[in-house]
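Each chain carries a letter (A, B, C and D) given by its place in the written order, and its residues are counted from 1.
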Amino acid sequence: MAGNSFGTLFRITTFGESHGPYIGVVIDGCYPGVKLNTEAIALELSKRRPGQSELTTARKEDDLPEIISGLYDGKTTGAPLTILIRNIDQRPADYNSLQHTYRPSHADFTYQAKYGIRDHRGSGRASARETAARVAAGAVALQLLEARGIAVHAYVSKIGDEAIPEAAYPVNLSLIENNTVRCPHEATAAAMQKLIADCKEQGDTLGGVINGLIQFLPPGLGEPVFDKFHARLGYAMLGINAVKGFEIGSGFDGVAQKGSQQNDVFSYSPDGKVTTLTNHSGGVQGGITNGMDVTFRVAFKPVSTLMKSQKSIDMDGNEVVLHPGGRHDVCVVPRAVPIVRAMAAITALDFVMQQDALNGNS
Amino acid sequence: MAGNSFGTLFRITTFGESHGPYIGVVIDGCYPGVKLNTEAIALELSKRRPGQSELTTARKEDDLPEIISGLYDGKTTGAPLTILIRNIDQRPADYNSLQHTYRPSHADFTYQAKYGIRDHRGSGRASARETAARVAAGAVALQLLEARGIAVHAYVSKIGDEAIPEAAYPVNLSLIENNTVRCPHEATAAAMQKLIADCKEQGDTLGGVINGLIQFLPPGLGEPVFDKFHARLGYAMLGINAVKGFEIGSGFDGVAQKGSQQNDVFSYSPDGKVTTLTNHSGGVQGGITNGMDVTFRVAFKPVSTLMKSQKSIDMDGNEVVLHPGGRHDVCVVPRAVPIVRAMAAITALDFVMQQDALNGNS
Amino acid sequence: MAGNSFGTLFRITTFGESHGPYIGVVIDGCYPGVKLNTEAIALELSKRRPGQSELTTARKEDDLPEIISGLYDGKTTGAPLTILIRNIDQRPADYNSLQHTYRPSHADFTYQAKYGIRDHRGSGRASARETAARVAAGAVALQLLEARGIAVHAYVSKIGDEAIPEAAYPVNLSLIENNTVRCPHEATAAAMQKLIADCKEQGDTLGGVINGLIQFLPPGLGEPVFDKFHARLGYAMLGINAVKGFEIGSGFDGVAQKGSQQNDVFSYSPDGKVTTLTNHSGGVQGGITNGMDVTFRVAFKPVSTLMKSQKSIDMDGNEVVLHPGGRHDVCVVPRAVPIVRAMAAITALDFVMQQDALNGNS
Amino acid sequence: MAGNSFGTLFRITTFGESHGPYIGVVIDGCYPGVKLNTEAIALELSKRRPGQSELTTARKEDDLPEIISGLYDGKTTGAPLTILIRNIDQRPADYNSLQHTYRPSHADFTYQAKYGIRDHRGSGRASARETAARVAAGAVALQLLEARGIAVHAYVSKIGDEAIPEAAYPVNLSLIENNTVRCPHEATAAAMQKLIADCKEQGDTLGGVINGLIQFLPPGLGEPVFDKFHARLGYAMLGINAVKGFEIGSGFDGVAQKGSQQNDVFSYSPDGKVTTLTNHSGGVQGGITNGMDVTFRVAFKPVSTLMKSQKSIDMDGNEVVLHPGGRHDVCVVPRAVPIVRAMAAITALDFVMQQDALNGNS
């Protein structure tokens, strides 16, 4: 039931629904005395926002973060930071036709089964709008991590069957925001855009894969046994709407390799630091970071809401046909990039703080 | 730091190391008054045990669970069940040569980086021996779930590049224990056994994929936002040694499909129950179970300990060559089947209990 | 750092500060489908509000709860209930003179020591205003408990040295709201009122004791070892501003009695229910409720803000004299009654839900 | 259900029952690389042990801590420390007569009500024997705190109606272990011993008060709102068997004082440190430590097991008379001194670690 909170020391609690006046987030564990860049928070929110390009939905949500506690004179006070984001343009009436219907692969039926009651307007807590609160919190975590020299990146590596070719790795991370699909490989980005345009014609939708990268983490983060670094990271990612898979390092592909191929051989760098010649482990060994980049991949299924008719059922035992209405994204994966980045930052910062506690300050 | 515990209401805390006298587990949240089958616990432990066949390591660990609290007259009392498992045949001296060396892709370096000190004997908490405690706890969870009509299965679907062909699904779950690789498809099992034998010749190791299946779960389990059913399940799986990936339903493969292909169309079964015609969702929609089978896949990397020489480094800044010693598994995936099953059972039971609390009993 | 949340299954997270636009609370674990009485929430808030009578401060805070999520058509949806309470009439400038001063027995110095920075306007999270969020959440818990037949009461039993005489127990709980001091014994209430009036003349302040009573709890609530019913209850009470002591049953007075006097002799009631002839245990034995009333007492120190001059220090190494300003309560204890009631309700409901989970619903 | 664990970063999980082979504790969050003094652990255990003097019970429990994980070459490894304590001399048969009886003010009835089943042998988890595990864990915490310059003391200040006179404060802490009642005021100690001897004649039992003192804590520990330093401390104390009350600083007595008497006036010490002229706050203001001694008091009720006959009931609806059997303590309060000390140390260390995490180590 504590499912609305995430984290141990750096801990977020999100609240609100898409059809109330606000959604928001309470952030525990902010370092005190840090100058907060609120524009950077707004920027991350704008990346998640619908209507960024003709490729995404036309619904307009101008997400401006309103910090109502934990900040004094532009600096964090150590008290929990509370951020409100106003919901504008909510139109509950749009959903009236769905009151008695279970949309395929949505949370309509499962919420009804769980609670015996359901707020059909905008899916309640299942709405992707809730993720804006995570993005806002993540934008704070990104700043606190940056002060410790840690960087977090995320980008789209695959949409439908269009993927960045193996040979193009490592990608140039500075290109991520150069196109609307947030793919740092231009040729692939163009192919993805065409795929999306074609799919829009068909009234269908597309899934994709987001790659994440955490850089400059110190070795030693993560806990043995259940709270392995990548176990918490996977937990964070699998909690994002529409995510159906997570892998670290070589992941599922590594299965087909032999141990002698997979093992990352250790070496000393010229400055005497321990490093590995390859990074199949994805920066985590035995559940603990080894100082190499943490690399991971997150699979998103295609959006369930189609712009063409679908068969379904209603609550009263009838088969029905759902007709498309409103305007919806063909592919939300580019908009999910800031969410992946946010949750990775929150997870990493929590482990940084736990390690500081273990180290003591003597 | 609470990384040794897992779960909210049904909650396990494992303890011990491979080279102390005991490992064990404390289990909170056992229903009281349940007749416990201790042979069933021993049976699950025997499936994880090394030396089950010529294919696995010859080291012998006779894992007999000793229940030291929470049981009275064969029945659970509601007090925490504590299970001890004695470590026999530990030989710390075997590890002396490793005292100053970082083995590739092991936890040697990362533990040293984390703690500044390291128990080189058998890897301490990073040892796979710790998972015996999870298996014992899972065997208890399996019994409590069974009393509510819920079943959990796991089997090997892939080793190296040998996988059960798509056309062979759904597999016959009753065949899982018919062969040493725990693959319920005989032809594939034979190919896997051959692959393992060949790999052993080469002194190399193999990874694989384990498929999990939770049957007869009621719809409505899981929590919105962070504690989605599959997010907790993935968290549980990614905490298992050597796991590098997790997916539910169509997972990474689903990415290449369109929404119209992925969506699971609802239908009413003859007895009026809501069902879906396909199960690409893997039994979870919006993070909540929909009453269909929960299906998931877990990727295991090949074992890091090879039976051939490997380059590495020691703690003192030198490059070294590691020579193989002792006898080690070529492929641990078959022995990980009971661990996957155990963690799935623990996760499911925890959600069952949370849902009971939400329902109240009025 | 998770110090802004309380509870396991019924779990509240409060947020906001007295000088931002809102304070609020997120409530996890509300039973779904419950018709919520929002006027009852407003009523509890009005009991905590300043300016209720000439005895309390003239500052006006009209606390109207605004439920922004978790409610649909007047019923709880099972999603987290979020309640906002607008701060009106905040005047940060009033606090300017305190920017560099540590007021005696306030949180000024300790917050500065903890965070190295301090929001001097209204004490930030240390402000008693935060407790309004707890009262709102408690008012929800009270309604959910009521549906299960459980009642929670609180009243003032002592202010300064004026206490309800032993002979007047058990008090008539229906009289609690009959006077401004919330003391259900009229003669004592009158004496308390006179004491407060006299103390006001002197510019001084008064502490007191609040008695709590939880009725009709089933036996069996609470957990062995650390989460004993009264341990969680004491934890809840000691988290309320200005509380310095907690006792259950005979508490500190019971120390002077012999075991033969303290022991509560069991008996069967005419309808075969187990009961005790006395209730020195305060309804809890071995940490678990026994079905008798849970009775407890909470000690509040006198308010630290005086209406007369006090010596103190500033941040720059100087001794200073603080002069009174604004209007403050002589005694906040009557206004703390709804807070005690709220936290008792939240604690009790959490245990009710945990017990339902343990019972299963088979 | 997680009631067997306590703490966030320094976190203990106790297990076992008085009539199994072992009780024990798992300790998460030990600083790595610390040389552990196991004799100091045994010493604390010996203080809790029955049969220390003719004043306490003759039952013999030789409590030797066996550390089975987390220690390598005498130093902590950062892995969870697991300590087993063997139960010797358990005689379940002694309890056979109690199988169907509810002893007054014991946990017999409440456990039966909670679980529907009950292990009558030695009270299961309700047995005071479980507290040995807390003492062992506390002895570890004491050593880790000592390395940071923090000291924790506890002593008996009152038994029955014999209390250390006000004028004798502050007491000489070095005298605590000078007598069997652990009261550092000789005249009072002698009176207490006489009181116990007299009470033994009568077959009756006595309660008492233990005072605790945490010295040299830095200012800034504790969290606002629910996890105030003294709220967690009270929670820790109220979880100890037979505890019915907790207060910090002036506690319940402070209620009768005016604000001008209670307020602790700040001052600068000669070396420029902030200090207070009095310490009515007990070292905590606004829930956060202020650098003064943390002083608290814990009330223990008299033991429920008498050496004279008592009326009670059995499970079958009958009234019965209980006859005394075995040998029991007249007053357990002196033996509870190490438990209070242990839980105070565990609580303090957890807050120290949380504060280190908030401070970061940059």
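Going forward, a contact is a pair of C-beta atoms (placed from the backbone, for glycine too) under 8 Å apart; a residue touches a chain by one contact, two chains touch by 3 or more.
Worth saying up front: this structure is predicted, and the values here are computed from it rather than measured.
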Chain at maximum distance from chain A, centres defined as averaged CA atoms: D
Chain pair showing more contacts of the two, C-D and A-C: C-D
Rounded Å distance, chain A centre to chain C centre (Cα mean): 39
Rounded Å distance between chain B and chain C, as computed from the means of their C-alpha atoms: 45
For chain C paired with chain D, centre-to-centre distance based on mean C-alpha positions, whole Å: 26
Per-residue multi-chain contacts in chain D, two or more chains: 1-5, 8-9, 29, 32, 78-79, 111, 114-115, 124-125, 224, 353-354, 357-358
Residue numbers on chain A that touch chain B, as the complex places them: 1-6, 8, 14, 102, 104-111, 113-115, 123-126, 130, 158, 160-161, 199, 202, 204-209, 218-228, 230-232, 234-236, 238-239, 241, 244-252, 254-260, 262-268, 272, 274, 276, 280-282, 284-291, 297, 299-306, 308, 310-313, 317, 319, 354-355, 357-358
Interfacial residue positions of chain A with respect to chain D in the complex: 8-9, 29, 31-32, 78-79, 147-148, 224, 353-354, 356-362
In the complex, chain A residues that touch chain C: 1-5, 8-11, 13, 15-17, 20-24, 26, 28-29, 32-33, 66, 68-70, 72, 75-80, 82, 84, 111, 114-119, 121, 124-125, 353
